[in-house]
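Structures for review follow.
Note that chain A is present in both complexes that follow, paired respectively with chain B and with chain C.
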Partner chain A sequence: MSEARPLSSRVITVPFILGVIVILLAGIFLLKRFIYGLGSVSGMNDGYPWGLWIAYDVNVGTAFACGGYAMAILIYIFNKGEYTPLLKPAILTSMLGYTLAAVSIFFDIGRYWNMFNIFMPWHMNFHSPMLEVAVCIASYVVVLWIEFSPVLVKNPGVRRMLKVEDIEEKLNKVLFIFVALGMLLPTMHQSSLGTLMILAGHKLSPLYWSKLLPLFFLICAIMMGYCIVIFETSVSGVAFKNTHEFKLLTKLSGVIPWLIGIFLIMRIQDINARGALSQIFKGDLPGNMFLIETFLLLIGLIILWKPENRTNVKKVFIAAFCVLLGAGLYRFDTYICGFNPGNGWHYFPTAPELIITFGVISVEILGYLYVVKRFPVLALPSKNK
Partner chain B sequence: MSVSRRGFLKSVVGGSVALGAASLTKEAKASKKELPPDAVGILYDSNLCIGCQSCMVACKRANNMPVEHTGDQKTWDNPIDLSGKTLNIIKMYKKGDKFAFIKRQCMHCLEPACAAACPVTALHKDEKTGIVTYDPSACIGCRYCEVACPYDIPKFEWDSPFPQIRKCQLCNHLLEKGEYAACCAVCPTGASLFGPVEKLRKEAQRRMLMKPGEYYEFPVNHIESGKTRVHKAKPYINHIYGLDELGGSQCMILAGVEFDKLGLPDVRRQSYVSDLEGVSKGLYKYVVYPVAALGGLVYLVKKRGVHD
Partner chain C sequence: MKNRSKESVFGMCSRRDFLKYCTVMAASMGLPLAAGERIAEAMTDPKRPPVIWISGQGCTGCTESLLRTSHPTIDSLILDLISLDYNETLDAGAGKQAEEFMDRSVEANKGKFVLVIEGAIPTKDGGIYCQIAGEPFVKIVKEMADKAGAIIAIGSCASWGGLVASDPNPTGAKGAPEVLKDKAVVTIPGCPPNPYNFLSTVAYYITFKKLPELDKLGRPKFAYSRLVHENCERRPHFDAGRFAEEFGDEGHRKGYCLYKLGCKGPVTYNNCSILQFNDVGTWPVRCGHPCFGCSEKGVGFTIPLFVEADIKKDTVFTPAATPAGIKYERGGKVSGTAAGLVGAAIGAAAGAAAVTVTRMKSEDEK
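Up next, the complex of A and B:
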């Protein structure tokens, strides 16, 4: 038997302190950004108005944070209750990932004090995919915190702070609505993150521009959601010596080759339909990035295709890693490497820009470590066994 | 109840093919957008431009824009491209002893991608004049308009803690005072010509038919001003840039050198805005689909019970 309980180990460790240093550095650069403007810390410019923060923190980051969403689909829509032990840690990473994506958006947008205009009906432009992305991500962050709250209120300290005795029962009564929203909202904004780039039009390489962008981005998000669950479960399993959930990974990894297959067939067919296949081998940046992404995804596909490979944790881990890299790159490239505004513009992230992103990643990792050590998240073997 | 995996895969792939095919046929019959009732615009004729840059000075003055220094000098305004400080620029194309000028500014598109992109309607196409204006009090600074504009027009103030988007608003504030685009009002040759779009289109078509080397009258400043200049016609590229590009725009460009050499992208006729509308309308039918989907999901979760 297993039960979810906190890993009672020390929170302050050497990696923890290193993380804090990166976060402090990032904080200094953020201060600079708010005093001197975005140009003072980032390499973004009028040709590449979106850089690392939107392409990585938001686009790749929220896809990495789709574990909770992808698992919920499996558990609720395909009725696979046996995956429940993987759900809670997945929701934790989703919660952290999305919260930090929202924070990244906050420091990326130039006129953050006007941010609430996205909720003002008289300002809203319902045709803008950006509106949908903004509203959905903001609401999904709230939904994730509520979805995760049953775990948080299990901590006596949190309960004392809230001063509500029957909070757990109250929560349980309304939770189903949030679980449902937790499946709808990511479907909407993960596809809209792709829809966004339809307007980039001729500035986006024909290998990346497509009317099917919303579908591609959605499949990627789900694919990456499963892979991140595999990745995380294996890493935390090894790190915390909790190999308990490995057999679930074997089953879960069987889904991934199908998703990769559908994605690759559709993408290549779509490029073909637009007569742009020759662009793949042009040797330019978009073409080469396309080849790298496809190669990584194919490795994942080939490894996970064979059922016997799926019982090997190491192979499953490598496959998941390749898929995360390949699909993550696809999303990144749609925003950066496949994008070329012409007229000699180019973009490369500056050191402060990178450090801010590292800071965001550090907050995520430290947050995860803290929560699993203090709250009942991971399913660990029962103590009284 | 169970759909076989193979069947599912087939229908997904089939769906993508069908979608692709449907989009192809739609592209073929791109419809031309109608002009707003009082549409005004600018016709810029590279063949008439002498590169005096009076329009750049006038634009800065009319819109209170700061001087922009490039390189070491700190005296002159010499921007190298449009920017948060420069709404209008004259650039020169040179190859051997052949040269041509080009004026870059907002095209005031009939289907403006910037306005379609903006989540908070900070960019808005006026229903009457068709001028695409900007409202900083709405703008959140997401810069999606910059990504979306096919002509790279909106610019951002990267070095300001309280930045705005900057772009030509066709001197909207002057129209209210009974004046018109400052750049056209000062243009000595008629290269930048302001006026109702219908009339500008006719004028552009007239110039397409001119015989190179012969003398013609060209209206100056405002097409309805009655003022003209006589110039010797130079050969034109047989294309009115901005007439059909991406659904058309209210500003148009004529030139004697291929447009892509002047930095103007070679784009299709159908706008990407129409693609976006197709996708989002199809997917969301406003709010009906999401609400229905939510209903279904709530039912499923209730039936299965919340797992934790």
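Up next, the complex of A and C:
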């Protein structure tokens, strides 16, 4: 038997302090960004108004944070209750990932003080996919916090702060609404993140531009959602010496090859239908990036295709890692490497820009470490066993 | 012929033309269409307040500019539309006769008439450098201003000193707002100003018995709230970085932006680029000459003609008035640190994965 318990280990460790240093560095550069403007820290320009922060922190970051969404599909829609122990940590990573993605949008918006206007209904442009993404991500962050709140209120400190005795019962009565919203919202904005780049038209390489971008991005997000659950459970399992959930992972990995297969077939046929297959071997940046992504996804597909490989945790982990890299790169390349605005514009992130992104990633990791050590998230073997 | 005389109540212009003129005037001030009719009513009222136009240290260019109006023509303007009771250049009478008529009109319309001041006011040595009928101009201005209903300073000289107040300013010339510090003075700067800006202001006052909305320098906002640059027809060339480098070069012949030839459009508030001059749709910049900022204090007659204007970014709400430039940074610099950081990140991810894989193996073996 297993039960969700806080890990009883120290929070302040050497990796934790290293993370804090990165966050402090990022904080200094962020201060510079908010005082002197975007140009002082970032390599973004008029040709590439979206840089690392949107392409990675928001676009790839929210896909990495789709674990909660992917697991919810499996557990609630396909009614696979046995995966429930994986749900809480998945929702935790989703919550942290989405919250920081939302914060990153704030870094990226030049006139951030005007940002509140997007939530004013009389200013909304209902034909804009950007509005859809913004409002949807903002509401999903709230939904995730509520979905995760039953874990938070289990902590005695939090309970004392809230001063509501029967908070858990009250939460349980309304939670189904938020679980449903937690299904709907990512479906909407994960596809809309693709829609955004349909608008780029000819500026996007024919290998990446497609009318099916929303569908590709959605499949990609679900695929990455399962892989991140495998990745995160494996890493935390090894780090905290808790191999308890590994057998669930091997079972879960059976879904992934289907998703990769569908994704690759659709994408390659889509490129073929537009007569752009020859672009793959052109040797330019989009072509080479396409090859790298497809290669990584194929490794994942080939490993996970064979049922006997799926019983080996190590192979499942390697496959999941490759798929994460491949699918993450696909989403990144659609925003940056496949994008060429012409007129000689180029983009490469600057060091401060990168450090801010590393700071965001560090906050996610440290947040995860803190929460699993103080709140009942991970399913650990029962003490009385 | 009979029919025409019925219509031509307004001298040379038909009623239809007159209403049209009033409506256009209302539109140029941003007033609703119905205001055109009210303006027409007020301007044909026999008891409308007269305009008294006094001239000091000026070149009479502002009067000349007024004479060039063609809708309406100057004769119907001064005889029928505004009641121009005194103007030294246009008066039929002269000397004592003219002065007497002016005094009579001022007394009869005390507190109602519109006082127009043209030319700067010399103040040095008791103002002896400009005298009319033996009286210093500065004294005349002060006396008349006390009796006027509204005061309009026309032209740059009357508004802020203009050409005559340029260094070394031997006569101590000042603009009307500086002399009449305790009074509201509408300024219509320009050298010369567009006559329609002046006429619109007068029409507004006569119709609504109050002054149009003014900025802090007393300029009517309907005419002076925007930079010449903002609505300039050559603006696209500025934004794209296409400049005439010298008079007669290829860029100049092709109608490129005149900024590098010293155009002061980016620092001058006026509506020349919209209203234009002489009713034929022309203005200096269209003719290929840079704007020299005649209406802007501290620019016209102060900054040399061919010196590039100091472009200011004084507002966050309209795009900054900076040229895009011909050659500029297009990004893509890869710094060693950044490349190193990217490498470190990839290394860290791969390392973490590798460590996890090896440790997993040992877990299995247990």
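Heads up, the rule we're going with is that the second predicted complex is superposed on the first by the 385 of 385 C-alpha atoms of A that agree within 3 Å, B and C clash if a C-alpha of one lies under 4 Å from a C-alpha of the other, contacts with A are read in each partner's own complex, and residues count from 1 in each chain.
By definition in this document, contacts are C-beta pairs under 8 Å (C-beta built on N, C-alpha and C of every residue); 3 or more make two chains touch, one makes a residue touch a chain.
Since the structure is predicted, the reported quantities are computational estimates derived from the model, not experimental observations.
A.B. asks: Put chain B and chain C onto chain A via the superposition and say whether they clash or fit.
C.D. replies: Superposition check on chain A flags a clash between chain B and chain C.
A.B. asks: Contact-wise, after the overlay, does A:Lys211 reach chain B, chain C, both or neither (first, second, both, neither)?
C.D. replies: The answer is first: A:Lys211 touches chain B but not chain C.
A.B. asks: Could you figure out whether chain B or chain C reaches more residues of chain A?
C.D. replies: B
A.B. asks: Does chain B (first) or chain C (second) touch A:Val313, or do both, or does neither?
C.D. replies: Second partner only, chain C.
A.B. asks: What is the contact status of A:Leu38 with respect to chain B (first) and chain C (second): first, second, both, or neither?
C.D. replies: The answer is first: A:Leu38 touches chain B but not chain C.
A.B. asks: For A:Met161, select first, second, both or neither according to whether it touches chain B, chain C, the two together, or no partner.
C.D. replies: The answer is neither, since A:Met161 touches no partner chain.
A.B. asks: Between chain B and chain C, whom does A:Leu18 touch in the aligned arrangement: first, second, both, or neither?
C.D. replies: So A:Leu18 meets neither chain B nor chain C here.
A.B. asks: Please work out whether A:Val238 is in contact with chain B alone, chain C alone, both, or neither, and reply first, second, both or neither.
C.D. replies: second
A.B. asks: Going by the contact rule set out at the top, does A:Phe348 touch chain B (first), chain C (second), both, or neither?
C.D. replies: It touches chain C, and chain B stays clear.
A.B. asks: Looking at A:Gly47 after the superposition, I want to know if it touches chain B, chain C, both of them or none. Which is it: first, second, both, neither?
C.D. replies: both
A.B. asks: Of the listed stretches 77-85, 113-121, 239-247 or 347-355, mark the one in chain C with C-alpha atoms clashing against chain B.
C.D. replies: After superposing on chain A, the stretch of chain C hitting chain B is 239-247.
A.B. asks: What residues on chain A does chain C touch that chain B touches too?
C.D. replies: 44-45, 47, 111, 343
A.B. asks: Would you mind writing out the residues of chain B in touch with chain A in their complex?
C.D. replies: 5, 9, 12-13, 16-17, 19-21, 23-24, 81-84, 113, 115-122, 136-144, 146-148, 150, 152, 155-164, 246, 263, 265, 267-268, 272-273, 275-280, 283, 286, 290, 293-294, 297-298, 300-302, 304, 306-308
A.B. asks: In the complex, go through chain C and note every residue touching chain A.
C.D. replies: 316, 329-335, 337-338, 341-342, 345, 349, 352-353, 355-357, 359-361, 363-364
A.B. asks: Okay, in this complex, where on chain A does chain B touch?
C.D. replies: It is residues 34-40, 44-47, 49-50, 75-77, 79, 81, 84, 87-88, 108-112, 114-115, 117-118, 120, 123-131, 134, 150-151, 172, 175-177, 179-181, 183-184, 187-188, 191, 195-203, 211-212, 214-215, 258, 261-262, 265-266, 269-270, 273-274, 339, 341-343 of chain A that touch chain B.
A.B. asks: Provide the residue numbers of chain A that touch chain C in the complex, in ascending order.
C.D. replies: Going through chain A, the ones touching chain C are 43-45, 47-48, 111, 234-235, 238, 241, 243, 313-314, 317-318, 321, 325, 343-351, 353-355, 358.
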